[in-house]
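Chains here go by letter, A, B, C and D, matching the order in which they are written, and residues are numbered from 1 within each.
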Amino acid sequence: MEKHPLHYASLELNNSGLCIKITDDILKAFLELTSLDDREKYRLRVAVSEIVTNGYFHGNKQNAQKRMFFSCNVFNNRIEISVEDEGDGFNDDEVEEKYGAAGEYATGGRGLKIVEKVADRVKCGKTDNGRFRVSLLKYVNAEPVEAIGQSIESY
Amino acid sequence: MNISKSMVGDIAVIKLNGRLDLETSKTLKGLTKELMADNHNKMIFDLTDVDFINSSGLGTLVSILRDVNSKKGNLELCSLAPYIQEIFEITHLSSIFRIYENEEEALSSFAVTENKTE
Amino acid sequence: MEKHPLHYASLELNNSGLCIKITDDILKAFLELTSLDDREKYRLRVAVSEIVTNGYFHGNKQNAQKRMFFSCNVFNNRIEISVEDEGDGFNDDEVEEKYGAAGEYATGGRGLKIVEKVADRVKCGKTDNGRFRVSLLKYVNAEPVEAIGQSIESY
Amino acid sequence: MNISKSMVGDIAVIKLNGRLDLETSKTLKGLTKELMADNHNKMIFDLTDVDFINSSGLGTLVSILRDVNSKKGNLELCSLAPYIQEIFEITHLSSIFRIYENEEEALSSFAVTENKTE
């Protein structure tokens, strides 16, 4: 896979509820540069908004002193998006514990499910400078499966 | 999120406009709390002009549905764009909400309910 | 003046007519983070679109192989925007020669006039890596005049 | 840029929608060329739904105005939002275009012109 994106955006924002709309506006603008159809564009926007909402709410705990980092890379055959917050991250067990039993009438716990459904690959983890990063990869044109996950792996 | 409300008999028809996300869905929750405080427990949410919804917005809708159900009221949704509808399906919420094509159908569902209880 | 922006966006795009809309979408989103009124927001968007249009058209000469660089920094009291293209730039004499005599029915030559009218400060010049950069500064709250032009001077 | 055209007598009323910048104004220029090739030289541009215009869009409007003038036709503008109007003023173009409050006024300007020439 080629290494240099055709189009690249990098943002740093004060943590606030506005981050959700602003990153969505920017993603929406960038998606116009891709050949994804309208339905796929919309699904991806929702998935990314889930990750940003989580960063703002769970990661940065709505603290206005914290920062939010967002990047979007458009390649010929894929889009890579990453969201970083200044929180501690989470593990799957916590999440299972929180929502495992709540069922369909739970008022939360749907964000990550949407992300998993929409993304071709998701990766979470701490960055070198102690932030929590969620990266999402979405293919724009069908690609051989063995190629998946090479570039997003290496941060 | 812009919200406009009109009453059709005792049914509050609430037109939503714009984004339904973590920030914006607070307004909607506030409005329905007021309605229920005034004993208005029958509502239709018209989503024609909702152009973005994510799980925070859905969570708010579920929370309102629970409030309404606990008061033996009704919450009906109508006029979802196909891509909005799909988000309901991905999250298995199309099974707990009643979703109508348009406002008319949503309104007539109340008539049927009332006939039944007669 | 404080050095670190509250909100920061940096973009790199393939040179195309779409750059004009995309950078405008992003600026529009970022302007929601400021206290500028709607009229000032709109004027600033027009001014920036002039600079981007010039970069795409005159600087990069509509060449799709060239790149466009855009950054937007929102500070407490000001916004700094820069646009870089991979062309040779221009000097004021050229411009005067081109449009000096055409008058009101000229079909071009209004972009830089709008920029000058709207911006509190504009600066053009070559960057270290040979790009042509136009920087624009706009104050959000009135500021003592002697403070103008310190930060944007130093790239 | 979406463009819709309707004819009122021999006057083409052209409703513009969206952005009028370097990219999008090409479509408009194309349409007016076609009109003039068919000898339709009277036009009203309704800018109600134009939410963004910059000097490239203005340049296109001036270029169309010149074409129309050279054919002894008319180009009238109407329904500019205040912030769009301001861009015309900054660039001193409000003096070379005739700008009307709304479509009706723009249309009646033709009636007046025709009365005068009678």
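Assume a contact is a pair of C-beta atoms (placed from the backbone, for glycine too) under 8 Å apart; a residue touches a chain by one contact, two chains touch by 3 or more.
What you are looking at is a predicted structure, and each value in this text was computed from that prediction instead of being measured.
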Interchain centroid distance [CA atoms averaged], chain A/chain C, Å: 30
Computed distance of Cα centres, chain D from chain B, in Å: 43
Two or more partner chains touched - positions in chain B: none
Where chain A touches two or more other chains at once, by residue number: 18, 21
Pairwise touch network: line, ring, star, complete, or other: line
In contact (per the touch rule at the top): chain pairs: A-B, A-C, C-D
Residues on chain C engaged by chain D in the complex (per definition of touch): 17-18, 20-21, 24, 38-39, 42-43, 45-46, 49-50, 53, 56-57, 104-108, 110-111, 113-114, 117-118
Residue ranges of chain B in contact with chain A within the complex: 19, 21-23, 52-56, 58-60, 62-63, 65-66, 82-83, 86-87, 90-93, 95-96
Residue ranges of chain C touching chain A (in the complex, touch as defined): 5-14, 18, 21-22, 25-26, 28-30, 32-33
